[in-house]
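Okay, so chain A shows up in both of these, paired with chain B first and chain C after.
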Partner chain A sequence: MSAEIIIPGELDDSLDPTQHDVRPQRRRALTQGRGLVGLVLVGIVVVLGFAAPLLAPYSPNEQIPGANLLGPSSTHWLGTDEVNRDVFSRMVHGIRVDLLVVFLAVPLGAILGSLVGLVTSWWRITDVLTQRVFDVILAFPSLILAIALSAFLGPGLWTVVIVIVAAELPVFGRLVRTSLRTVREMPFVEAAEVVGAGPLWVLRRHVLPNSLEPLTIQLAVSMSVAVFIEGAMSFLGLGVRPPAASLGSLIRDGVRTMYDAPYFAVGPLLVVVALVLGLLLISQALAESRRA
Partner chain B sequence: MSSPLLSIEHLAISFSHPRPAVNDISVSIGAGEIVALVGESGSGKSMTARAVLGLLPDGATATGSITLTGADGSETPLLGVGEVALNKVRGRRIAMVFQEPQTALNPVRTIGWQLREALRAHGRVDKAAARERAVELLTQVEIPSPEERLDHYPHQLSGGQRQRVVLALALANEPELLLADEPTTALDVTVQAEILALLSRIRERTGTSILLITHNMGVVAQVADRVVVLQQGDVVEEADTRTLFASPQHAYTKQLLGAVLRLPEPDTRVHALHEVDDRREVEPVVRFDGVHVAYGSRKRGRAFPAISDVTFDVRAGEVVGLVGESGSGKTTLGRLAAGLVPLAGGEVLVAGEDLLGASASRRRELRRSIAFVHQDPQAALDPRVRIGDTISEPLDIHDVGTRAERRARVTELLEAVRLPASYAARLPHELSGGQRQRVAVARALALRPTLVIADEPTSALDVSVQADVLTLFRQLQEELAFACLFISHDLAVVHEVADRVAVLKGGRLVELGPVQRVFAAPRADYTRALLAAVPAPDPSVRPVRADETPDEAADEDGLAS
Partner chain C sequence: MARYLLKRLPSTLVVLLAASFLIFVMIRLVPGDPVTALAGPDATEEARAAIRADLGLDRPVLTQYVVWLGQVLTLDLGRSYRLGGQVSDLLATGAANTLVLTITALLLATAIALVASTVGVIADKKWLNAILSAINTVAVAVPTFVTGLVMVLLFAVLLPILPAGGTPPAGYLARIDITVQYLLLPAVCLALPASAALTRFLTESLRTQLRQPYVMTARALGIPRRRIVLTQALRNALPSALTVLGIQFGTLLGGAVLVEAIFSWPGLGRLIEQGISARDYPVVQVLLLLSVAVFVLTQLVTDVLHAALDPRVRLAGSTPGGK
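For the complex of A and B:
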């Protein structure tokens, strides 16, 4: 908190209480209320994933003799699957796949999309062309895109990553373009131009910092979507290839053996819920702090 | 008045954060009375009016009491009652007029439709009767040919006429009280004068009480019977308008009145004063030579002339005030001098060189000597850049001096605009509006410009702050002797700072001359109309009203001030 300085002999209006600093505001958004809940949920999943080798009592692909489709017990927390593997061990290792997807593919798509949006919006022709291409990509539901792409690339982890990058690229490309256009019209940009600032200076000092802010919110939203895409793709068999596990493939296996081992799918499902919900809560908290 | 029509008692409104918006406000409005709520931003004047109709924003809690007393003596509480009870009062017994007529009207519906809606919202009126009443209402707000206007859309009306329609909407159900929140602030002076006169006449004709919320002391002096002065959520003074202006009691009221800029009285002697043509043989800092500017695409053949054939110059060290109403092209002319607007004809010479014809690098050089101060300091400062960096940005761009020298210059500039050097580390939102505008001035002066273009630099500020910034600006101008093109719609402000005035109307220059001459003895009819429209901050120089015989003493006052 900065103290209000009153200059002696000066007559001035008091500080406007409606103005808040964005940065502490954002910090506050993530340390209280739903932001905090989101952060904790995501945090738990991240810790589970990172500590997978320490937490997992078995190796993810280890077949345990005699342990076929067991229910939850003290030795197998989430039971075992049809080929005698420990579900909990597979789940914590599977989380790593999703973390890779979330924290690698989405930022990659965001960076590429922002760059494309930034560069192409400079000239009218490239701007119109890219935006129309984005329209086409955005017209496909991401799952259709996933099926189409994996038809070319074959199923696998990297197909998932490519699908997510391809799905998020236009989202960010468009967002960056829109906020660039808004910020470019702001008086402070003109103020810099009037004192002689060139386009690069204006871009670096004023336009970029002010246009990137809405991206943080979209990033959180896109990450939750990515978890969903990975889940859906693996569920359909377009994702990671057996014997590797991901949350989506575990859910698929769980659903397949639902009648024999109803508990199987519960663990991975809860993790997906925690991750998606946590990311959405974070994005909501960020969006709210911006509006305040 | 025996019992007031509306009485607000000990109203307090608070948000969870940080201080209460309204602390303890009691106001009573008698039948047929015009009461002005005056105060600067943050004084709680709008909140008070909103509380009357239960229009407080989410998260606000109000305590105290607001009571509406009917002609039959029935009392209706308005605070803490439900929406249903409020809806019986809203529009029917108390109506509200907002500041911005553009947004208060539905752009896709005709005026007639909107008036009929307002009539039907409170009771069933058949179509023919509604139409008849709508015409009557438009007549009441003095809109010419009301029958035709019914079928017009808001965009076909001028700003002033739109505000008249908004008034007609408010009057639709013959309310006992009209809440007018800055009803003329968004309007040009000449239009403002008309609307103010209309408000007085409406009160006379219908007996409607009016609670007028404004920051403009001139407006208060012109229409209000009684004034309530608010400061940071408290009533600091309440008095009859004449008494208040003649002998303000509270220090804050005195300060508010002291900050009001006054126009000089017309003086016939000045006629004799012939203009000295001291056009020295020095090159003017900027010269507009037969300048034309057009907006819109010329390819599509729809160019709209914003500036037509304007010629004048700004000499070294002089302040030229550029005056006009909205759409007069004053801002365009200022932007033209800064090279921000394409030229359709004529020449802009900066220090004798054609600015727009120069090569890019030469233009950059020429621009160095020109600084621009924007209207809204909030928008003109990058919210993410610290004050110190904002001020040194021009120095950084032009690579002036070493880092240490630049930092020293920032401190020097902050000092020049009377801000502590420690402010360099702050972000814009940590400053008040007036402080932000000082920063904008400091930044403009960083490169020691020979010409400063100031586009309405004080119009986004409160009166007392405005006075401060103006004083500072004048001191700096005298000290540093830069030439200045000072753009403003506020004649009093221009009178305060300018050496010469240029009056623009519809993109044409209608008058140009030394400030004393133009204000005291305007030659163009338009200038005269502009000057006459400024509401004098003196209740005794009101336009004479039909029901009121002006007393002699007041007239003398008016001449003396």
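For the complex of A and C:
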């Protein structure tokens, strides 16, 4: 290659807005104010879930003789349920189900959706087709999609995972497509293409850095939605199958025994709120640092 | 506006058609045979065949789909397999109750949002805004099944002043006191997240309005801030708030499934739950299609209304430079 031709890698980075480093800002967003509160809330729940075998005084399905619907005490921190199981032990193990849903199902849907959005939007035909399919999926309110899919798949943990992947896939597909289109019309990308940058280079150098921020924010939002979907599905009896516990199924059990043991559901309720609120606060803090 | 509607209508119809086919096929694939459920395990093969033919289940799936679509379009929904009676009757009762609940919630949410956003913007105090914003975040974050449960726990179990839910007596709408008793908790529970979204949006657009030059002019003329907010700014902020309201209506109908399950409210959400556990194809199919249709059509209506109120939206697709 002769010296006169400018190869893309040698373009002056200071002119490229994508090279403007946003990382310090993001770090600040999560170490102060609501971002920090969110991080702490989610952190506590994650620790509870990961340390479940150490924290739980009983095994989650162990039936303790004589401990029927007991109130909170020093031996049973959150009381016992109608078949003599320790609610606290069930709760910390149930958190693991929600962590699986949040940190596995949502990223899976996000990665699949982003890939589909990225690949198909390059050609007009695949783009139009994919967007129509997304339209159809998005036409289902998430809970209705959950009901329809679980009628077909039967209740269970994997149904919850599939519902969340199916609900999040088009959300991320759309998002990636939109930022792809916006970025591709920017002058600096046109300039890069003029000097001979190929699609992969544009993708790696311009599209990805520019889509990363909205994607992270959406990821946090989707994670909080996932906790809601798991809770709602288990609450309606479409989630994990007994005797397994999840936060939603514990709340469902709590409702059944409400008149005998009114405080049964309080623990799982608080954890759900902490998780959803924490993730939402993180997403708000990220969005704010982006606007600033 | 008519042109905008014409432009949007075909793709909406295609989406609905595709969704209806998806629902139909999905429900067909549900494990468990409705014939066995209806005839019982001991039925003879002839009896089963007769039932199958009677329900049209012996024909190819595509034919069944076309027949079903024709029936839906002519509102001839047939008999329910298990829940008894005509599907249309079940649907009418459920829809009436769900509409009462959803509309009450929507009105409640709008009222809360109008008060919270105007008070916050007019007072313009840092501490008040911080409190309102914190309440708002919590209201968005706490799932409906959590608020519902906490309310039942507080107002029905620990402090028994309201019923924990259930079917109100027939003709309940004629008696205000009974209506309030049964409707208050579910409606508040359903309204809270919607009101939070609406408040956030209205506050934001009111603030944007207050930065406009006309507000400065009005202030210079000595018109008090309160009056500017309540008369001009609010009027200008309302059209886009309508869009948010429309989207909220769609999500409210989805949320109604949960709220109805918590409070045993005899609406469409409860019907769909019963239909699924009874494997009642005709009921579940129509309900799924109905919720998708309502969701998609509210989006269409709000977009069209938005276009009618804001010419920029209407013209966006037809400008030469537009893509």
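Observations, loosely collected:
Note that in this section the second predicted complex is superposed on the first by the 271 of 292 C-alpha atoms of A that agree within 3 Å, B and C clash if a C-alpha of one lies under 4 Å from a C-alpha of the other, contacts with A are read in each partner's own complex, and residues count from 1 in each chain.
Methods note: a contact is a pair of C-beta atoms (placed from the backbone, for glycine too) under 8 Å apart; a residue touches a chain by one contact, two chains touch by 3 or more.
All figures in this text were calculated on a predicted structure; none of them were measured in a lab.
Of the two partner chains, neither chain B nor chain C is touched by A:289. Contacts of A:179 after superposition on the shared chain: neither chain B nor chain C is touched. Contacts of A:139 after superposition on the shared chain: chain C is touched, whereas chain B is not. In the superposed pair of complexes, A:231 makes contact with chain C only, with no contact to chain B. In the superposition on chain A, A:151 contacts chain C only, with no contact to chain B. Look at A:272: by the touch rule set out above, it reaches chain C but stays clear of chain B. With both structures placed on the common chain, the touch criterion links A:188 to chain B but leaves chain C unconnected.
In the superposed model, A:130 lies in contact with neither chain B nor chain C.
In the superposed pair of complexes, A:254 makes contact with chain C only, with no contact to chain B. Chain A has no residue lying at the interface with chain B in one structure and with chain C in the other.
Here chain A touches chain B in the complex through residues 2, 5, 7, 10-17, 19-22, 186-188, 190-198, 201, 205-206, 209-210, going by the rule given at the top. Interface residues of chain A facing chain C in the complex, by the touch rule stated above, are 34, 132, 135-136, 139-144, 147-149, 151-152, 154, 224, 227-228, 231-232, 235-236, 248, 251, 254-255, 258-259, 262, 265, 269, 272-273, 276-277, 280-281, 284.
The touching residues of chain B, counted against chain A in their complex, run 17-19, 40-42, 232, 255, 338, 340, 364, 367-368, 370-372, 374, 376, 379-385, 393-394, 397-398, 418-420, 422, 426-427, 429-435, 440, 443, 446-447, 461-462, 464-465, 467-468. The residues of chain C lying in touch with chain A in their complex are 11, 14-16, 18-19, 22-23, 26-27, 29-31, 137-138, 140-146, 149-150, 152-153, 157-158, 164, 250-251, 253-255, 257-258, 261-262, 272-273, 276, 284, 288, 291-292, 295-296.
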